[in-house]
Structures are given as C-alpha cells and as structure tokens.
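These are the structures, in structure tokens.
What follows is chain A paired twice: with chain B in the first complex and chain C in the second.
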Partner chain A sequence: MENAIEIKGLCKNWPSFRLKNVDITLPKGYIMGFIGANGAGKSTTISLLTGRAKADGGSCKIDGVPAEALSPRQKEDIGLVLDECPFPETLNYKEIDKFMKNIYSRWDSAKFLADCTAFGLNPKQPVSKYSKGMKMKLSIAAATCHGAKTLILDEATSGLDPVIRDEILDMLLDFVQDEENSVFMSSHITSDLEKVCDYITFINNGRIVFSMTKDEVDTTYGMLRCSAEEFEKIDKSRIVHSRKNAYSVDALVYKNKIGPGHIVDKASLEDIMLYYVKEGKH
Partner chain B sequence: MKGLLLKDIYTLKATLRIYAVMIIIYRIIGAETGNTSLLYTFFVLACAIIPMTAIAYDDRCTWNSYTASLPVSRTKVALSKYVLGLLSLAFCIVCDVSAFFLSDKINPAEFTAALISASCTAVIYMSFTIPVVYKLGAEKSRIAILVVMLLPAAVIFGGMYIAVKAGWHITVPEQIIENILRNGLLIFSAASILILIASMAVSVSIYKKRDF
Partner chain C sequence: MNIIISNSSPLPIYTQIENRIKETIMSGRLAEGDMLPSMRALAKELHISIITTKRAYEELEKGGFIVTVAGKGCFVAAKNTQLMRESYLRQVEDSLRQAVAGARLRNIGPEELKEMIEIIYKGE
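Up next, the complex of A and B:
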C-alpha cells in the first residue's frame, strides 16, 4: 500500500515548545483525523509537513517525496486549507480565479467558478464581506480545483456551524472516492472526525499518543464506571486515566485488557482527549 | 511570477487607481508649469509604498503560509514585490516621458537628469524598505524604515555639524568633485542598480529562512 503522508521522527524546537519524534503514516485513499489540545503540536506538524517551517530532525514525505524537495509539479498534487482564508480581503473569487490559473498549470477555472457558485458565494463581493463559513468554502474550492491528490486541512471546520461542517465533511468523503486521493485534517471537533475518518492520530504535548485506525481506537479504549472499591481491585496498568466522583470512579481503560466482569462502554474521541489531556495532568 | 503579480495588482486595485490618477494630475501640472518636483516625489512613493502595501495585505491574511504549498518558489515570492515596485516605476516613467513630448515648457537636459535621479532615488528607497518589511513585518517595520531612511542624512549632517564645531577643514580635491558632478548620473544609476541587486539577495535570504 502506497502512503500519501509519511512522517518519521519529526522534531522541532521552539523557545517554548518542542515537537518530539512524531511518526505518522497515512495510506493513500484514506482520511486521517489529527487531534490534540490547543498548543499540542498539530499546526506545527502541519507547518513542517507543508514546508512552511524547517524541521530540526526527522523527515516528512508527501507521496514519497521529502516535503523540502517537492518540485512545483509535485506541489500541484497538494491542496492546503488553513484555519483562516489565505486570500487578501480585497479580492473577489473571480479575481482569485484569474491569478490562480497563472500559478497552477492544472487550475480548473470552470470547476472553481462552478464550486463557488454552488457554495452561494457572490462574485462581486470581496473576501472581507464573506462569513467564516463562506471563506472556508472558498479555501476548499481553491484547494480542490487543481487536481490535488492530498488535501491537508488545519482546523478547517473550527468556528463553523454544524450545517456547513456537514457539507464540508461530505465534500471530503466525495474527494476520497478516488482511491488516489487522501485527506489529513486536524480538528478540535472530534465528532466531525468520528464521522469521516479512517485513521486517528492523537498528539499531546508535542508527542504522538497513538496513530491508528478508527476501528483500532474503538477496540483499544473504553470507558469504565465502577465504585471506588471495585476500582481499587483493578490492575492500574489497565487504566489510562481516571476521575473520582463522589460515589463512583470513571476511567478511560484499555478495553481488551480490562477483562470480564466489568461494564465497559465505548470511549469517544472526546473522552480519550479529555482523559489524556485533563486527567493526565493530575 | 505572473500569477503573484496579478494577485498583488488585484489586491491593490483601489490604491493603484488613486496613485495612477495622482501621477497623471501631477504630470499635467508639471507639464503646464514646468515644475515636476511633486511628480518625482510620487515616483519614490509609488516604487516603495506599493510593494510595502502589498506585503502588508499578505501579512494580514495567511497568504505567506499558503504560498509554501503553491507551486512557486520562495525566491519568486520574495522577488515579485520588487517587480511590482519596478512596474509602478515604469508606469511613472511612461507618464513622465509622454508628458514631456506633449509639453514645450520642459528643458530636455533638466528633464533627463531629473527623471534619472528620481528613478534611482525610488529604486534605492525601495531597496532599503523591502528587506526591512520582510524581516520585521509590515507593522513593526514602520519605525525601522523611518530610521533607515533618515540615518544617512543624520550621519552626513551630524558629521558636518561636528566638523564645523571642532573647526576641522576637510578638503576634497577639485578633480574628484568635478568627476562626481560630470559622471554623477552614471554613478548614481550604477549605485542604485547595485543596491537593488544586493537588496534582492538579502530579501530572498530573509524570506527563505522565515517559518510560517
């Protein structure tokens, strides 16, 4: 199986933050969700992956080519969607089309203009008049109309209402109908990722906690609720983190290690994030 | 490069329209009165302020981060602002030359000297401002640019003041002064081209090292 994205031993040292030995592999044809708290290292990883910053160690490859060695032709295969609209606010989408077709050799003007119209964008309005959702749709239209095979989205759905988020998720699912296409998206909105992602990568404090298929996440982690007495009898190597309430204990556990006799519910990505980030500090 | 320039031109369309109208008005005034000093001030403004404004627009959105994923090199992105400034200057020169042919009140020798001097000043001004803006960003660079532009004058006038106060008598051989006066425009043009090339190299180096 060919990989769309391959990150190995990636390190970056900022004065107040360190990214440590990040390993991520996304096979072609799949969607990977990249989750983590604010400041965990998601945007730094995406910056390094897209060549916006230089790594202090390790490597990032897109479609088998190191990020820093991507030729202009190979960069046409990448679509980047940032959390903010990248286009200056005085432009309207027709002007964006006019200059972008001079940047991308495979820019499909007809598709871009049709997508913008379908998204309800006004061709005469400048970007500054667009709502956040409209700006995001414009960014996605720009990222998908030059024959990109790998879409990289950095917090693209944050701040959007559920209807627009759902439309964007549908677009991503359509995009990966072609088995050569892949999506790597970071988001705080774990419910969105649960809907569309095949793989989940969780980063905390600059380190990868896990990177596995969504099904593996479901079979690895579970939520246990029991009394304090019962909890004391459980081998603590089977517990990820726990939270003590007045009369019970809630715990994120390794589902396949906890053994029979305990009721273990499904752990959502939000549960996993909360227990690792919040309870992990205590 | 063409795409990057088009982006800047569309982004600055309102500003460019105002500059174009002002340049044409000042040129008409200059052609009628024979006084072109206001127009030449606009040469400098057009050449330096337009690229700075374009960089400021880029800084206000995530364009610089986005360009990393575009099929254009960082070198081209950095140099595109110089090309934008030089295109603005070319527009000014075209307006100026066309007005010269339409007016009989302008002395040809003075016109040529003034045009070359203004163009060189504009290029030098642009060459000092763009690297500073790339290094510090559009917001932080304003004071730094003011300091950079005033520094040569401060050094010259400060030096003269100290020399007068101290009673120094610095004499420059007349031959050197004559040479400078005779070849002044040539020296000025060559210096401005060299400064422009050095500035481009510095800007490309700064832009390549930037993390977005």
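Up next, the complex of A and C:
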C-alpha cells in the first residue's frame, strides 16, 4: 500500500518546546485525525510536514517526496487549510478565482465556481463580509480545486457550528471517493473525527501516544467504572490513568486486559485525551 | 436496501452493517450478482469511516455472502442455501443459549423450558 504521508523520527527543538521522534503513516485513500491538547505539537508537526519549518531530525514525506524537496509543481498536489482564511479580505470569490488561475497550473475554475455557488456564497460580497463558516468553506473549496491529492487541515472546524461542520465532513468524504486522495486533519472536535476518520493519531507533550485505526482505538481502550476496593485489586499495568471521587473510581484502561465482571464502557477520544493529558500530569 | 446504525448498540458498526446486508441478501431483496455500493460511497452515505465499511465487506466475503471482483466492485455471491441455513441455525442457537443461561440462573429446569418453547412456537 502506498503512503500519502510518511513521518519518521521527526524532531524539532523550539526554545520552549520539543517535538520528539514523531512517527506517523497515513496510507493513501484514507482520512486520519490528529488529536492533542493545545501546545502538544500538532501545528508544529503540520508546519514541518508542509515544509514551512525545518526539522532538526527525522524525515517527512508526502506522496514519497521529502517535504524539503517538494517542487512547486509537487506542492500543487497538497491542499493546505489553516484556521485563518488566507485570501485578501477585499476580494469576492470571482476575483479570487481569477488570481488563483494564475497561481496554480491545474486550477479548476469550473469546479471552484460551482462549489462556491453550491455553498451559497454570494459572488458580489467581499471575503470580509463572510461569516467564519463561509470563509472556511471557501478555503476548503480552494484547497480541493487545484488538483490536490493530499488535503491537510489544521483546526479547520474549530469555532464552527454543527451544521457547517457536517457539511465540511461531507466535503472531505466526497474528496476521498477517489482512492488516490487522502486527508490529514487536526481538530479538537473529537466527535467529528470519531465519525469519519479511519486512523487516529494522538500526540501529547511532543510525543506520539498512539497512531492506529479507529477500530483499534475502540478495542484497545475502555472506561472502567468500579469501587475503590475493586480498583485496588486490579493490576496497575492495565490502567492508563484514573480519577477517584467519593463514591467510585473511573479509569481509562486497556480494555482486553480487564477480566469479565467489571463495568467497562466505550472510551471516547475525549475520554482518552482527558485522562492522558489531565490525569497524566499528577 | 436499508442500513440502520445505532450508536447505542453494543455491536461494533461494521458488524451492524454486516448483519443488515446479510439480512437483505437472505430475504432476497438483493439477488445473486447484484452489485453492492462501493465501500467509499457507503462510508460517505452513512458518515462513517472507510475502514469500517471495508471491514464489514471483508467479513461478508469471508462468510461467502459476497465476492469482490478487482476493479469492478462487490457482488452478491451465488446463494449457498446450506451456508445460509447454518447461519440461521447459529443465530437461533445463540439466542437459545442465552435463554438457557437465564433459565439456569433462575433454577428453571429443561422440562419447563421445553414446554415454554413449544407454547411460544405454537402461539406465534
């Protein structure tokens, strides 16, 4: 299987933050969700991956090409969507179409204009008059109209309402109808990722905690609900982190190592993040 | 074809899809040679991940319900009535096993259980 993204042993030393030995592999044709607390290293990883910052060690490859060696032509194969809308505020989308035509060799005007119409964007309004959701739809439309095969989104859905987020998920699922296309997206809205992602990668303090299929996440982790007495009897190597209250103990556990006779609920990505990040500090 | 997925079901989503497609094939609403939606199209429609639909199709293929033709798609396999009967029997057996476990727990003997089954069978 060919890989859309291949990150091996990636390191970066910022003055106040270190990215340590990050390994991520995304096979072609799939969607990967990238989760982690603020400051965990998501945006740093994405900057390195797209060649916007230089790594201090390790390698990033997109479609087999090292990030630092991407030619302008190969960069057109990557669609990047950041949380800020990159277009000049004074232009409307028809004007944006005109200058994008001159930037990208494979710019698909017809698709871009059709997408903008389908999203209900007003051709007469400048970008400055758009709502946050409209700006995001415009950014994604632009990123998918220059022949990109790998779409990278950094916090693209944060601050958007559920209806627009659902439309954006639709766009992404549409995009991967072509088996050559892949999506790598970071988001704090874990419920969105739980719906559509094939792979989940979790980064904490600059290190990868896990990178696996969503099914594997579901079968690896569980939420144990038990009494303090029961909790004491359980082998601690089976427990990731726990939280005690006056009447019970909740713990994130390795599901298949906990025997029958215990209450083990499904662990959501939010549970996993909370227990690793918050309880892991103690 | 109807595929209804419940988030509160204890069954994983791929098993739910697998069961729904099996039911549809068994009921005859999908006939031999009928094409199934592509894994990607199904994932998009249901708003679930592609790996989940892939797993469902793989399980169906393993069970002999569908065949995958490279480059063309997935099709309903030639009906293997023996296989289907086995699958039905297994389902009934599983339900009975549950009932027996429940009966045992509450000290209900085999005679009483048999009687119950007969009444239910005739009644319905």
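Points worth noting:
Definition applied: the second predicted complex is superposed on the first by the 282 of 282 C-alpha atoms of A that agree within 3 Å, B and C clash if a C-alpha of one lies under 4 Å from a C-alpha of the other, contacts with A are read in each partner's own complex, and residues count from 1 in each chain.
Criterion: a contact is a pair of C-beta atoms (placed from the backbone, for glycine too) under 8 Å apart; a residue touches a chain by one contact, two chains touch by 3 or more.
Source: prediction; values computed, not measured.
Contacts of A:76 after superposition on the shared chain: chain B is touched, whereas chain C is not. Of the two partner chains placed around the shared chain by superposition, chain B is the only one that A:102 touches, whereas chain C remains out of contact. Of the two partners chain B and chain C, more chain A residues are in touch with B.
Once the two complexes are laid over each other on the shared chain, residue contacts for A:198 go to chain C alone; chain B is not touched. Judged by the touch definition given at the top, the superposed model places A:162 against neither chain B nor chain C. When the two structures are aligned on the shared chain, A:88 is found in touch with chain B, with no touch to chain C. Contacts of A:54 after superposition on the shared chain: chain B is touched, whereas chain C is not. In the superposition on chain A, A:66 makes contact with neither chain B nor chain C.
Looking at the shared chain after the overlay, A:9 reaches neither chain B nor chain C. Residues of chain A that lie in the contact sets of both chain B and chain C are absent, per the superposition on chain A.
Only residues 47, 50-54, 72-73, 75-76, 78-80, 82, 84-91, 95, 98-105, 152 of chain A touch chain B when the two sit together in their complex.
Chain A makes touch with chain C in their complex at residues 29-31, 166, 169-170, 173-174, 176-177, 179, 195-199, 213-215, 218.
Contact residues of chain C toward chain A in the complex are 12, 14, 40-41, 43-44, 47-52, 55. The part of chain B that touches chain A in the complex is made up of residues 2-4, 6-7, 10-14, 57-58, 60-63, 65-66, 68-73, 211-212.
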